[in-house]
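Chains: A, B and C, in written order; residue numbering restarts at 1 for each.
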Amino acid sequence: MINIENLIVRFDNAEVLQSINLDIPEGTWSCLVGPNGAGKTTLLRTMLGMQPYSGSIKYNDREIAKNKSLNIAFVPQRPSIPAAMSVAEYVMLGRAKLDGWGKESAHSRNIVHEMLEATQLLGMQSQLVNTLSGGEMQRVLIARALVQEPEVMLLDEPTSALDLHHQISVLNKVEEIKATGVTIISTMHDITLGAMYAERIIIMQSGRVLLDGESHAVIHSPELRSAFDDRISVHQLENGRPVIIAAKRELTI
Amino acid sequence: MFKRFTRPTALLVAALLLAPLSPVSAASTATKYPLIISSGGYSTTIAKKPTRIISLSPSATESLFEIGAGKQVLAVDSYSNYPKSAPITDLSAFEPNVEAIIALKPDLVVLSVDAMKSMVVKEALEKLKIPVLMEKAPETLAQAYKEIEVLGEVTDHTSEAKKVTFKMAALIKSIINRTKKTVKITFFHELDNTLYSVTSDTFIGKVYKDFGLINIADKAAGADSYGYPQLSAEYLLKADPDVIFLADAEYGESAATVKARAGWSGITAVTKKNVFALPNDIPSRWGPRLVDFYRYVAACLTKVKK
Amino acid sequence: MKQNQIDRVWRWQITASAAAALLIACLLGVGFGPVNLDFGSIIRTLLGLPNGLENEDRTLLLELRLPRVVLGALVGAALATSGAVYQSVFRNPLADPYLLGVASGAGLGATIAITNGGGDLHALLPIFAFLGGVLAVAATFLVAGRLFADPSTLLLAGIAVGSFATAFQTYLQQRNSAALRPVYSWILGELTVANWDVVKWAGFYILIALAVLIRISKVLDALMLSDEEAYSLGVSPQKIRMIAVAAATLATATAVSASGLIGFVGIVVPHLVRGLTKRATNRSLLSIAFVGAAFLVIADLGARTLLSPAELPIGVITAFVGAPFFLFVLRARNRGSQ
């Protein structure tokens, strides 16, 4: 269980996160939505320990800033792609959390092998990461995060650079991961997709949480529309699935 | 009958026998080894008379041969092209290669202070028990004579060296006296076609000064602490020198190329055809051929039309 | 290796081979030159056994050749390792150890020493050069604005600082033409006339810097990932970058003070090792150090023997090897990204 209480983060005297309160149950998938600048990525970075903050972020009642043992993995939106590193070597870096840097146990070499197989990357294990397509790179990033055997996995816009086919396969994969008990928090600009997979949605705007709760309820809430300045409209398909699309504002003269 | 000749004969024999003992003979000025001598700002200890000398200074090479020590010279650097009989090699005077020097097994090395890393090279050679005589470019004639005399003492040709320097001094004096003009002549000594020149602080500058010439580069003395300022073309045109000496003839400059430069055709030196190309090497050799430099300048001055 | 395992990322055998290469290079280095020495005698002399070299040959080996080879090895290791570290920190495979203005700063320091220092120039010069190098890097960080500025800002700041230092140096040389030759001599480096004094002070700083770099080499791999990923794996990338850049600067500034500007070693050797081992990990740093040392010792051997008795500046040799190598790396990258 992740408990965030009264979290405040400041950049140059401006409050980028203003008194955030959230409870995220273990093994759930929460999706952070909101316009740009809402503070979604800042919240993720703070959970990683990259930002000083006031308030508390606890995982199973232990403050994560003080307790470095929380195994939390991050899948970035845009990776920094090192030249001339093979897929296998890149994914192996994830084992540093458990093995320590510069050591690879035989067990780790097994795990990486398994993971590459599970993400259909085994065939390109010797290929250089800077030659991969967007979809392949995304799978590599997820594989690297997975070999860490994390308790919590953060994904920053995991689908933004992908075509529809790859978006679905990545999100299916994340769902499988969640099924093993990993707590997932993702930011997504495509709320429709987010609603399809995540059981919880957290709406953020201007450093605040407007609403958080079960997906279906949040989707149909007035807070969602106001977070986007009423520029979205929510519809429902025949099977009950919500679709959120941009709404063109009528010109009123 | 023979009694009549015995006294003059005896006197003759005595004279012949005693001649070597006279004060100006070589034997009494023979160098005593081991010798501790100061040269180029450094002190050198020479254990015995050197017979396998490596000279890495073209000026020193000329001096060594002039004072009669040529037989003691084992090898000279690649720039030591005078005299022709000097044993020239590929050794570099400016970037001495310690190992290459050692391989020849010299018992004395003459090295220029201006050579690359000269101090460290000296230390390295001395570590291998090879004495090193340092040569510094002289700033006055007296210093130039001293260097020749030091070489004389080092190679046990002290009196020859003294003769050489006396002769040089006498010749130079007579050349100057013959040529010195009362009319003020201005000149420009060109080191290269980007108009680097020499001031009267330099050795070359002083040679010209001995002739009473006026150096237009002296006004730019503040531009370089060492005496080698770069003049601007505008200043040159304004100064309008009467004579131009070209030290860059070996790089293609001549009276014709100078005349062709933009704006130069109006300079007095050009219009009066007083542009003289200095012969290669001679201005930079401070050995016995210094006299040739003076001769050459004198010859130019006699041709100068004002 | 079992069927369902990934290959090892690094093997100790690779490092051992690199060390062996260095040993062989050093033997060749002390054996050849305008005077050739017999290998057997060399080894016996070094081990203190009887029947070693005598008199001038012995002095030649111990006072001239050996310090030169040791200095070459130290400088080669310093430049290669710094280059590799800079390539990791700046995520730029074409980064070299002179990036942040170290070389220009050291040159300016040396020129100031030569044009102003009276007395014992020989002792002062390395200190001035070293300070110049280190201060230039500090200036680069100041100009970049923040201590943890991003790589491209730092690069541009380094270019700015370097240009300024070079301009000032040129001005000083113009006003003091007597300094031209000593400065040029300094730029050519001390390898040709190395003695044990130079080896001592250069070795001291270079070995400290290398020790730090090799100690953090494993963690440097975290810089291959985005900052967030690095944090998730327990590493503060900014802290590591700072330590890495500081140590690499120390090594480079010392190398430049001792050996002048020797190019290409810092770029070529890391790529050589990474290309041969097909690994990008920074665990290769120790091997890169060994190979860099061997590379420079062999290059110096070439400088000493190819045009004997004249000496080729060692920068010429490294350039002759480095330039075509550059092209090779560029083509390989192009092919890879197709």
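Going forward, a contact is a pair of C-beta atoms (placed from the backbone, for glycine too) under 8 Å apart; a residue touches a chain by one contact, two chains touch by 3 or more.
Predicted model, so just to flag it, every value in this text is computed and none were measured.
Visitor: Tell me the fewest steps from chain A to chain B, where a step is a jump to a chain it touches.
Guide: When the steps are counted carefully, the minimum from chain A to chain B is 2.
Visitor: If you tally contacting C-beta pairs, which pair wins, B-C or A-C?
Guide: Here the pair linked by more C-beta pairs in contact is A-C.
Visitor: Report the chain closest to the protein's overall CA mean, measuring from each chain's own CA mean.
Guide: C
Visitor: Measuring from the mean C-alpha position of chain A to the mean C-alpha position of chain B, what distance in angstrom results?
Guide: 83
Visitor: Please work out the Cα centroid separation of chain A and chain C, and write it as a whole number of Å.
Guide: Taking the average C-alpha coordinate of chain A and of chain C, the gap between them is 42 Å.
Visitor: Would you pick out the residues of chain A that each touch at least 2 other chains?
Guide: In chain A, nothing touches at least two other chains.
Visitor: Okay, in this complex, where on chain A does chain C touch?
Guide: 44-45, 48-50, 68, 72-74, 76, 78-80, 82-86, 88-90, 92-94, 96-97, 101-102, 104, 106, 109-110, 112-114, 116, 125-126, 128, 130-131, 144-145, 148, 150, 154, 156
Visitor: Can you name the residues of chain C that touch chain B in the complex?
Guide: Contacts found on chain C: 33-35, 56, 59-60, 63-64, 122, 174-178, 181, 184-185, 188, 190, 192-193, 195, 304, 308-311.
Visitor: Please give the residue numbers of chain C that touch chain A in the complex, ascending.
Guide: 2, 4-10, 91, 93, 217-219, 221-222, 224-229, 231-235, 274, 278-281, 283, 333, 336-337
Visitor: Over in the complex, which chain B residues touch chain C? Could you list them?
Guide: Residues 89-92, 95, 97-103, 114, 116-117, 119-121, 123-124, 127-129, 223-226, 228, 230.
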